[in-house]
Amino acid sequence: MQPSKSALKTVNTEVKLGPLTLRNPVITASGTYGFGEEYAPLCPVERLGGITLKGITPEPRLGNPVPRLAETPSGLLNSVGLENPGLKEFMTTYLPKVRKLPTAAIANISGFCVEDYIHMARSLRKESGLAAIEVNISCPNVKHGGMHFGTDPASAEQVIAAVKAETDLPVIAKLSPNVTSIVAMAQAAARGGADIISLINTLLGMSIDIEKQRPVLANVMGGLSGPAVRPVAVRMVWEVAQAVGIPIIGMGGILSWEDAVEFLLAGASAVSIGTGNFVNPLAPLRVIEGIEEYCLRHGVSAVSELTGLAWKEN
Amino acid sequence: MQPSKSALKTVNTEVKLGPLTLRNPVITASGTYGFGEEYAPLCPVERLGGITLKGITPEPRLGNPVPRLAETPSGLLNSVGLENPGLKEFMTTYLPKVRKLPTAAIANISGFCVEDYIHMARSLRKESGLAAIEVNISCPNVKHGGMHFGTDPASAEQVIAAVKAETDLPVIAKLSPNVTSIVAMAQAAARGGADIISLINTLLGMSIDIEKQRPVLANVMGGLSGPAVRPVAVRMVWEVAQAVGIPIIGMGGILSWEDAVEFLLAGASAVSIGTGNFVNPLAPLRVIEGIEEYCLRHGVSAVSELTGLAWKEN
Amino acid sequence: MLLEDAKIVAHEIMGDPESGMRRLVLRSEIAAEALPGQFVQLKVSTGLDPLLRRPISIAGVDQDKKEITLLYRLKGKGTKMLAQAKIGNVLNLLGPLGHGFTVPQNGTLYLVAGGIGAFPLLPLAQEAVKKGLEVCLCWGGENQGFFESAGLHLWQALGIDIQVSTMDGSMGIRGNVLDILNNYEFAKTAQVAVCGPMVMMAAVNEFFVKTDFVVEASLEERMGCGVGACLGCVCTLQDEQGKLRRGKVCKDGPVFKAKEVVWNAAL
Amino acid sequence: MLLEDAKIVAHEIMGDPESGMRRLVLRSEIAAEALPGQFVQLKVSTGLDPLLRRPISIAGVDQDKKEITLLYRLKGKGTKMLAQAKIGNVLNLLGPLGHGFTVPQNGTLYLVAGGIGAFPLLPLAQEAVKKGLEVCLCWGGENQGFFESAGLHLWQALGIDIQVSTMDGSMGIRGNVLDILNNYEFAKTAQVAVCGPMVMMAAVNEFFVKTDFVVEASLEERMGCGVGACLGCVCTLQDEQGKLRRGKVCKDGPVFKAKEVVWNAAL
């Protein structure tokens, strides 16, 4: 069943996600790659399609107490709790360094009311040197009784529209998987004007220390990521890609190039690697190389042609 | 931190889940243990707290085409598609054998409209010799445009109430985890009169064969089970146990006694083992033994005292 | 049916390392029970990766030594991990599982194998030879190298008639196993056992429809439990009235009457 | 910082097998860079189980042989799997990581260890001895057996002053390490390095508050990345004005100025 080797020698790895063009489809995921410096000694930044920065909020946050991490079967629970230096410190201390990163840098913003998002979007425009803004809507809306932006289509639409109105950068809506209908959430993001959809954020989970008879995480619950969640993530990308006409950044449990190709075939235009970096800091590089070789082997001249192949007629 | 060995010599393993009393808290999960005969040569049935039978529907079903299974990191996707002999054949061919099983046998019923459930509940009453009925509401309601019973609280309440009205057996509502709010679903089941809540059913997922560029499962999507989902399952048990005053059967990824204790501490009164049987057919036995030893070590005289210890004051 | 930790007494590469064939011998009580065509479900690691057991046919039994032989080809993660297991290590086995081949009482036994489909046929051949039956193996493979790595010598040791075909003509007839059958003179009373890819088995079944030989086919399907409890591994069968039903490859099979199998089932 | 596959050159049980202590020596380029108090993130299996790397302190460095020594105690799944690794096997290492101890230029160096907290102090002691400093180790453990298994001989080989305490009085002072400190005559100019359980380190910090010794403490926290990218491993620090901030144990630490650490932080 192995397709015969084709005469192809090179592959066009560039991908266009609406207004966002990346040199290749491999991004690193928010919250797992700091502000882009930490992994630089190990994984050459100029080889990455992009880096998504740690999520920021208008004000600095100390985040949750420790323990913040718990390992689970093929997965990782985290409850970092959006620790970040706040918008101001980000702009003055981090952004100047981020601008110099030789790859597309994507800001990730989180808020607890619509005004939070608006406030940040105003500062994050093309002149910032950023490539795009990813809007993390997996937070409780404190002005609406803690109902999550990420689980209520109307709130999600409102937040995305508000951000879109304030910035001239491409806007990526990052969706939470903890919903009955991911398609409904994606459609809401589309109505709000999102240029790109990114999925999935973490699944809500927890684990218990049976000797202490208490939750392992100080925050009780945390977000599940890593290979364990990949089947859920691939399913959501598959569903959204067919229902909504917006490019998708797929993520959730990518460790190897095979995992990444699964997401592309399911309908993603690019992929993001989070927890995989912790396991293998060279994962992004290996994924890029592997996707290229896969294209060569299958006679595919551009990575972008892989998007949705598993459901498109071919 | 190890608690000192206590003088306890025996542990009361009996658990009462409302009207359902089990000799111990370890059940096998529906769809993974046939009608109770297949594993009998390996794992002594009389040691089990109970067996949940394969899900039945009013009419026989051939189920989905193969491949029906796909292995994922620490998980298993299945799309059996409710293959079963139908109610009539179940009553005539299987029930006589099931009645002889030396443990509590729990029927599991699935339907595509409320009438389906009513029809089956009428035949499954105390005189059948069954211990309880588990109502699987993770199916599309074909009379309501395919909206799943398991994702719409009103439908779930209606189905449970209808079953409850027809049978004198304890009614277990088996919830799907593919919802924004598991608590809302559990509350609906409680309003419908459920005696017990069982969670979780499988998470909707898929995987793609990157060489064939097609989904692995013939049915495209399937249900994810196994250790990968455990953090999500434990979280849902934790949430529901604190929000709804009905006993819970916890399941999702239990392989070892440690896993089972996690569910009990989170608030389950009993646990169910599904995929774990495939990995280790002696898993149920090892879990029962392990829970007992854990109780002895911790000076707990009855397994039922473990329920919810991780959030109760102690 | 046993669940046991079996010690590895031999584990070796067969033939060309490139072909990825392995011979694994385990000290196992299963040897006392195993019938030709049955299989085991093997746990290749003690951890969660990979999660599920792997089904492997029992390719040889030594009741005196209490040993079973498994022959396998490296395929994906599971078989690659299995290949790391060392002599003296212990592997958890569940078996013997399923319903195997019927060993004929008399007449000729034709064995038709495609690729590594020969593995489960080996104990059947041994049993039939022991009974003094005429046994003939028709075996299709890619090339000569394949046969050398897939245990041809084990078959030659039986002293039976062996016909092979290769796609590249490097050994035996050029073509597939059907090309052997097409040129073969069959006995009057015979039974056929076939194992190989689905399309090949379907063609072999078709080929023998004109005869009144009983054809038994050993199917393969992805497995969960291996004992008939999960309905993960089904095939589609039809009775003489054409009524469809499911068969469990792990329990009702892996060996089925070929004429009962719906070969082109996409349902 | 390197990512490399390092070959195991030695892997052995230390002392009483029951105590679960292991010595692991790896051929690694990390030897050229490692500073006292730094650690590595080790992948204990090639598969997904367990998923994350395990942080282990560098307990010895041989720059000439390009070898690093790790000492570890079996705790859960990861360290148990690590214990299975054989000489000649390869383990994937990320390191050296973090900021280690300051090696003092002069004066006395007091090392205060609780249990296996002694491991990261060993290279610091070696470095200080090499510099000709006065070094003293105050080490608390459960019982005599613990010290024999936890590498006491490695310390004795340094020829430094060693004070131990045991909970059962089977060796040294009966009590914990604080009981040693309480009965100890300290030099005027000194620096302190401490590693052990959080409560013990908090107490040691408290103990030295009255002195003007610089106290450095090596913290432990669950880690994701090990390089400062995930914010999984933080501790809480305060500056002189009492303003709180987070420190990353993996990158800003594992060694911090003890007086900056908020020891009882539940925030």
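First chain written, first letter: the chains are A, B, C and D, and each begins at residue 1.
By our rule, a residue touches a chain if its C-beta (ideal position, glycine included) is under 8 Å from a C-beta of that chain, and two chains touch if they have at least 3 such contacts.
These figures come from a predicted structure and were not determined experimentally.
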Message: Going by the touch criterion stated earlier, list every chain that contacts subunit A and also contacts subunit C.
response: B, D
- request: Return the chain whose centre of C-alpha atoms lies at maximal distance from the corresponding centre of subunit A.
  value: C
Statement: Comparing A-D with B-D, the one with more C-beta contacts is A-D
Message: As a quick test, compute the distance in whole Å between the mean CA positions of subunit A and subunit D.
response: 36
Whole-Å gap between the CA centroids of subunit C and subunit D: 55
Field: Distance between chain centroids, defined by C-alpha means - subunit B, subunit D (Å)
entry: 46
Query: So how far apart, in whole Å, are subunit A and subunit B when each is placed at the average of its C-alpha atoms?
result: 34
- prompt: So which bits of subunit B are touching at least two other chains?
  reply: 70, 73-75, 226-227
Query: Which residue numbers or ranges of subunit C touch two or more of the other chains?
result: 48-49
- prompt: What pattern do the touching chains form: line, ring, star, complete or other?
  reply: complete
Task: Please give the residue numbers of subunit C that touch subunit D in the complex, ascending.
output: 45, 47-49, 77, 81
Contact set on subunit B toward subunit A in their complex: 1-2, 70, 72-75, 77, 151, 178-180, 203-208, 210-215, 220-221, 224, 226-232, 234-235, 238, 253, 258, 261-262, 265-266, 294, 309-310, 314
Touching residues on subunit B, where the partner in the complex is subunit D: 73-74
- line: Interface with subunit A, subunit C side, in the complex: residues 48-49
Message: Under the definition above, what is the set of subunit C residues touching subunit B in their complex?
response: 1, 3, 43, 48-53, 92, 94, 221-236, 244-246, 251, 265-267
